[in-house]
Amino acid sequence: MDNINEKLGHYCGVVGIYSEDKINIPESLFYPLFSLQHRGQECCGISYRRHGHIITYKDVGMVSQVLTHYLQEDHPSHIGIGHVRYSTQGSNKLENAQPVMAACNKGEISIAHNGNISNSNSLRAELLKQGSIIQSTSDTEIILHLMSLNQSENFEDVLIQTLKKLEGAFSMVLIHNQTLYAIRDPHGFRPLVMGKKGGMTVFASETCALDILQAEFVREIKAGEIVAINEEGERSIQYHDNPTLHQCIFELIYFARPDSEIFNHSVHLTRKKMGQYLAMEDRVETDIVAPVPDSGNSAALGFAEATERSLEMGLTRNHYTGRTFIQPRKSQREFGVRIKLHPVKAVTSGRSISLIDDSLVRGTTSKIIVKLMRESGAKEIHLRLSAPEIKYPCYYGIDIPTREELISNHLTPDEIAREIGADSVHFISIESLRKCVDNPDNFCFACFNGDYPVKVKEEDLPNGEKT
Amino acid sequence: MDNINEKLGHYCGVVGIYSEDKINIPESLFYPLFSLQHRGQECCGISYRRHGHIITYKDVGMVSQVLTHYLQEDHPSHIGIGHVRYSTQGSNKLENAQPVMAACNKGEISIAHNGNISNSNSLRAELLKQGSIIQSTSDTEIILHLMSLNQSENFEDVLIQTLKKLEGAFSMVLIHNQTLYAIRDPHGFRPLVMGKKGGMTVFASETCALDILQAEFVREIKAGEIVAINEEGERSIQYHDNPTLHQCIFELIYFARPDSEIFNHSVHLTRKKMGQYLAMEDRVETDIVAPVPDSGNSAALGFAEATERSLEMGLTRNHYTGRTFIQPRKSQREFGVRIKLHPVKAVTSGRSISLIDDSLVRGTTSKIIVKLMRESGAKEIHLRLSAPEIKYPCYYGIDIPTREELISNHLTPDEIAREIGADSVHFISIESLRKCVDNPDNFCFACFNGDYPVKVKEEDLPNGEKT
Amino acid sequence: MDNINEKLGHYCGVVGIYSEDKINIPESLFYPLFSLQHRGQECCGISYRRHGHIITYKDVGMVSQVLTHYLQEDHPSHIGIGHVRYSTQGSNKLENAQPVMAACNKGEISIAHNGNISNSNSLRAELLKQGSIIQSTSDTEIILHLMSLNQSENFEDVLIQTLKKLEGAFSMVLIHNQTLYAIRDPHGFRPLVMGKKGGMTVFASETCALDILQAEFVREIKAGEIVAINEEGERSIQYHDNPTLHQCIFELIYFARPDSEIFNHSVHLTRKKMGQYLAMEDRVETDIVAPVPDSGNSAALGFAEATERSLEMGLTRNHYTGRTFIQPRKSQREFGVRIKLHPVKAVTSGRSISLIDDSLVRGTTSKIIVKLMRESGAKEIHLRLSAPEIKYPCYYGIDIPTREELISNHLTPDEIAREIGADSVHFISIESLRKCVDNPDNFCFACFNGDYPVKVKEEDLPNGEKT
Amino acid sequence: MDNINEKLGHYCGVVGIYSEDKINIPESLFYPLFSLQHRGQECCGISYRRHGHIITYKDVGMVSQVLTHYLQEDHPSHIGIGHVRYSTQGSNKLENAQPVMAACNKGEISIAHNGNISNSNSLRAELLKQGSIIQSTSDTEIILHLMSLNQSENFEDVLIQTLKKLEGAFSMVLIHNQTLYAIRDPHGFRPLVMGKKGGMTVFASETCALDILQAEFVREIKAGEIVAINEEGERSIQYHDNPTLHQCIFELIYFARPDSEIFNHSVHLTRKKMGQYLAMEDRVETDIVAPVPDSGNSAALGFAEATERSLEMGLTRNHYTGRTFIQPRKSQREFGVRIKLHPVKAVTSGRSISLIDDSLVRGTTSKIIVKLMRESGAKEIHLRLSAPEIKYPCYYGIDIPTREELISNHLTPDEIAREIGADSVHFISIESLRKCVDNPDNFCFACFNGDYPVKVKEEDLPNGEKT
């Protein structure tokens, strides 16, 4: 998302559209995908059905690069899905682009998926044994193989039996023949919402993708639910006997856009609440409260309100830095931060500051930010984080660095403060964070407390995690 | 600058660097130009001296596109200047790119200039009469012609005599032989600051360009001052007998970056003060105060503080919209705004809102913003502007639309409110605005009150302005 | 290949390299792929083995665009394969790019393939029935599935049993573990040659790809032969009991580069011979002999020698026309030809001309060429083709238009002459063409005479061909 | 033109169009400029008149890149000029792009120019003294200054008096108000032809630019002639009392396209004749005659005819090498040639060869070609050049390297043969070359014999030439 602020990485955003009337589906997918760009900037793509076939187009690049030509073309269709994908390493990024489409004995299927199948290693091993060839490292391809090998006559039986084999996190949209399916795993790790506008039904990772189409939010897809929609109408299938919500709290802390509502929470207001609870735990008096823009903005508003201190623009952000910017040769990371974040000396000089950010991962960027603030005359810098200490890997779709790289895995807040040069560092407690959401038991806090709702077998652990 | 928010356009940013030791001047110019990108996105360029000649490179595009290759190359030099230029119409934008370099009987000269020579039509006519050929519509070329035609032996005499012929606004940097000159017009319309870092002296339009180089701010170039710097050291020449400051108030209202200090004012704090005075004039109670991001942020902070109302993120801004984005076919402007600004429903729904923006030019974008806020459930929308009503053209470097297009030229605030659908519209008064700055008499408010510090002869008026 | 001259399309070129010492395999693949660019301009790619894994990189574009970055990088390796692919229709050209790599129960395998599996429909249907998912329309993916499903322990048994299931044309290179395989089908439809340079062995579609590496031509891969090479040395396996050569005569007529030697024939000299035999069948006296450049050059040399008439540059070709050239709005095809081919009036004016081209497919371009020649004053135009009349589809790797589009399928040479405006049209006879090669029985002439060496079952016919 | 074959460089091609009816002038300029691309690949541009003003658009790049957008746009106009420019060194190539347009006291003028003003240093010095500023190193700017400073009332007097001050070579087209002027210097060094199609008059460097528009060749512009055309019709003005033709023989040897007719000679047939005369001077018997394609093609045809030896394709040329091709790291030049030129072993092996090329400049490429031919088995290589030994600089528009770099300046043909590895090298004699053209006294052979038709004063010599 934001490699300068070295935030946690995410695995994607999805959109699905079904329209009673034929509409220009690629154009209709463009706008919501554009709205979900923050969920993945590496590659993007769409699938839509025309003349009895699914057409898929995907490439490396942003939505405004890869899909813009669709704004000039007309492709009338009833049904389509789209995907934006988060940046990963490797030379040929395209092989993991989505949607993934294949022909199989069930016909043509295309899937766009957000999440992480936590038993994919086992499934993959099983598939290879049975003779499948696997052309990518994407979980989505695995799902297609499982469907194809399933021998039920009825596609919905195939779908349900396949979903039951999957563990972990998956919010997905799927085209099969004339039907669009929207599916959420039995824990509801990742968000998936439904909206309507006239005869058009839209599924998307966040409500901001509905807003851009002026579609009205209807409801969230439920954990363990399949919503199927075609010319015969819309049906809901509960495919899991015992769904229990474990929604990713990090979506609310950082991933989702502040104007979205997901998990039936306003993202902005929830973050503000985090700022308020964070403030209540704080015992250091400071002159001003300043966010690290833009990720700390909402929490800082709450923090300032709760402390009745002045909110100030201690840092501004330069929005002309783009992906095409070639890094200078010397001291790259530091210059990268300098060129993006600028202290407002008139505000920081001689002041003690509560600096509000959402989370601390490796600590390297925070160290530079603190240095910048010191240069601009800040007297005291007290870093306050609206996420607790990140200590554990995520198996449900967040790209968390290895434990060695996680600063909270080996340093206490006091040690971190010394390491990054701040006067103090405080993380919101898990207890306070739980108070920021309705029904905290419906959320997953595993990256903070190691309490994994879905156990992962050793053979399914990523390389390096194995004991 | 921001064609979605349809702000006023500006004519440029400049940088000049002199270093006692040879340094990689193009790289050293890159960073401050990048920091001044908000002052001009159409084209950019640099001139630097090597092997006894001035080398100039400029092209259409952003700093990160046009000049990035210089980050990989080494061009040791003592002296260089750079320029970013604001977007204008026309097919061949390159002809007006700066710096403008020419060989003449004084040697090679290169100039980068921010401002507007208000008697350029007369000067141009005179030059044509004398047999000069004019290859661009840029004022800079005129200055070069005047220098070349001047017959004084001494270059500084030439420079001073030339400057005395120029009326209007000019903050410029100039290379002649081994000397760098930084020059400000006798009214000081546009900012120009000086900073130092070791043996390196930096001139720039704003202090943010010094900060990125970690150069320390030394002082502003004075109105009517020439600072000359070469291996013999630095000299200040006051070339005008009676300089009187008329600094552009719009630099503080909108153009400059909030983390800059120009005209010896913190941009951010001055804007905050505008918000405070704006609040004092306001008689409408509202639930929340929300800025139009990012241009309304600072004023909104001040407004909220003064009114003791809650500051809220009523709108968020999508920063993935770039210049490469091709507009959709239908309802382009509205979609352009929708894709960039997003109401936060959880905040706006059912609320009365003081919506803070910096200025109102044509009113078209504000109309769409108000519509978006209504759709998101806002109960009342009271638009508050930290600039007074813009009614008059600027002859000193701001690209103000024709009087017909200026909404305040033909509508009262109440009429504007009806036109754009707001519940009320209020502009800060000129009186309050004057209180936001030290020594208000040192500022130019001509676009609000028509009180022009430098009269413009009829033959020098732009086409369409002539009576 | 040449859509202006509307030639027949081809399906690819392949390269494989094994080196005893580690060398920069991607760079070593670049040059021979560049030499094979005429065999496919749509997309290209390479696979090479590093750190125990196969790395694959492919994209839409020419070799000089897609792979140039490898000239700047170092990837030491023993083994690699590469592919260039011919231009086809469809929005997402990338899905059929090669090499195709997959993980399966045999390990990682990557294949680059030139040809056409004529029973691929049947094989595909069988695979789908067994539960395979098929992600492209490429034959190569089918081969990978067949290998993966084969249950032999030994990889070479797997390979041989898989190859025995394939019908039609395939010259391929394949990486499995540390071994490079070069394989040719039992009919030897497509060329595949082997060369050596020191410890490096190179396989390629044509000898021109060996020349650029200064590798010495060793021999052709035999029909029905597998050459396996790894650190234990090189082995030849004859996997088919009864291979019988049916080499594609069109490779010699048009596809291969004139400086290549394939099927143990010099391409240029064979084309010259075609010109000589074509001349012997000709009864029209003309003033000059002129080729349509460059495809008619070699045959025209032979034709002129045999007739003892003057060879002349009646047409020149503009080589600045590239792929990026956007077609003008009006009369596109005609302008496309005009901009590429230019009559030399001084030569054509008032002359009767034997115009030599290699083949006639749809006739549309020839019609424009004849018009151009008339405009330039040619008195008589006698079109002579070094290929017989193309009347039948090819199932072995040439992209021949549908029968309806083939001009020779529904018009006689005299009718064609009238249609395109020529004074006469003559095609070389199949009898004469057979005399141009050693052992004509070792060649396939099916597109001319419908005599298919490998029968194709009805279910394997392409859409539209089915009766 | 052809940096692999390291040919001499040229300074441009021009086009001018006047149409009685309004037509889409930019599109009409596109095609002839595209046809003149061989005369300059660095930058290109056009000027056309609309709404009372001249609009100019130019950029670095090929015609198909820079001007293609004009094929999609409509700009009705009566009058326009265009230019292609040859590649030179330096970072900012754009400053010398043409047409050059300026406003002056005569109104707006735009000029596109092919040639070299041999007294430009003197003129430039004079202009600087008078106070002109000079923004480029192009001669064209000088011409504009001279016109502007001329005080005659009548523009044609201005034009004539200006032209009389210019020495050297200039074929130019010029727009002033509604009139198009086509002008050729009194020696007629560079070609300039006129064609007509209906009410459209076209001026261009070569007839190939007329052909693409299907305009009929009318005549050459005469030495010392101005042709003026506007709505009042066409007039010819002979502005020089004593014009004497000294047409550049190198245009016929190498620069012009073989299908063009310039200087009232067919380029192809004249080259063929050069081959014939070259053959007559030759005393070495060889097996075959082979051109270096494509520049040696025409001469080789003539050589083969005259000697009654077999013409053969000893070398083929790869046309996929473009400008975007990044050179490999090692042995760049050699690889550059290898990738472009390919011996046809079946033809060269064991043969003695007369290898025909147009000229020898530095000899470096020929050395590599000879090496390639040896590798391909050639028994003897006798290089034959259709240009005499190049020993002297050109002051009239050809970019000849310094004397030190010219191989013929310090080596005899026999020494050159040893240097490049050929069995013999022979240049056509000046005497024979003179026989290839009508009225040889009307041509300039200065680069071969140092006999300059226009003397150049020492102060006007290029740097490095001065004694």
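Quick notes on this one:
Note that the chains take the letters A, B, C and D in the order they are written out, and that residue 1 is the start of every chain.
Simple rule for what comes next: contacts are C-beta pairs under 8 Å (C-beta built on N, C-alpha and C of every residue); 3 or more make two chains touch, one makes a residue touch a chain.
This one's a predicted model, so the numbers in the text were calculated from it and none came from an experiment.
Common neighbours of chain C and chain D: there are none.
Least step count on the touch graph, chain B to chain C: 2.
Inter-chain spacing, taken between the CA centroids of chain B and chain D, is 47 Å.
With centres set at the average Cα position, the gap from chain A to chain D is 60 Å. Separating the centre of chain A from that of chain B, both taken as means of CA atoms, is a distance of 38 Å. Counting partner chains per residue, chain A shows two or more touched chains at no residue at all.
Two chains count as a pair here when they touch; such pairs are A-B, A-C, B-D, C-D.
Note for the complex: chain C touches chain A at residues 55-59, 91-92, 94-95, 100-105, 128-135, 141, 144-145, 147-149, 151. Those residues of chain C whose C-beta lies close enough to touch chain D in the complex are 27, 30-31, 34-35, 37-38, 41, 62-65, 68, 71-72, 208, 211-212, 214, 257-259, 261, 266, 268-269, 294, 297-298, 301, 305, 310-313, 316, 318-322, 324-329, 335, 338-339, 342-347, 375.
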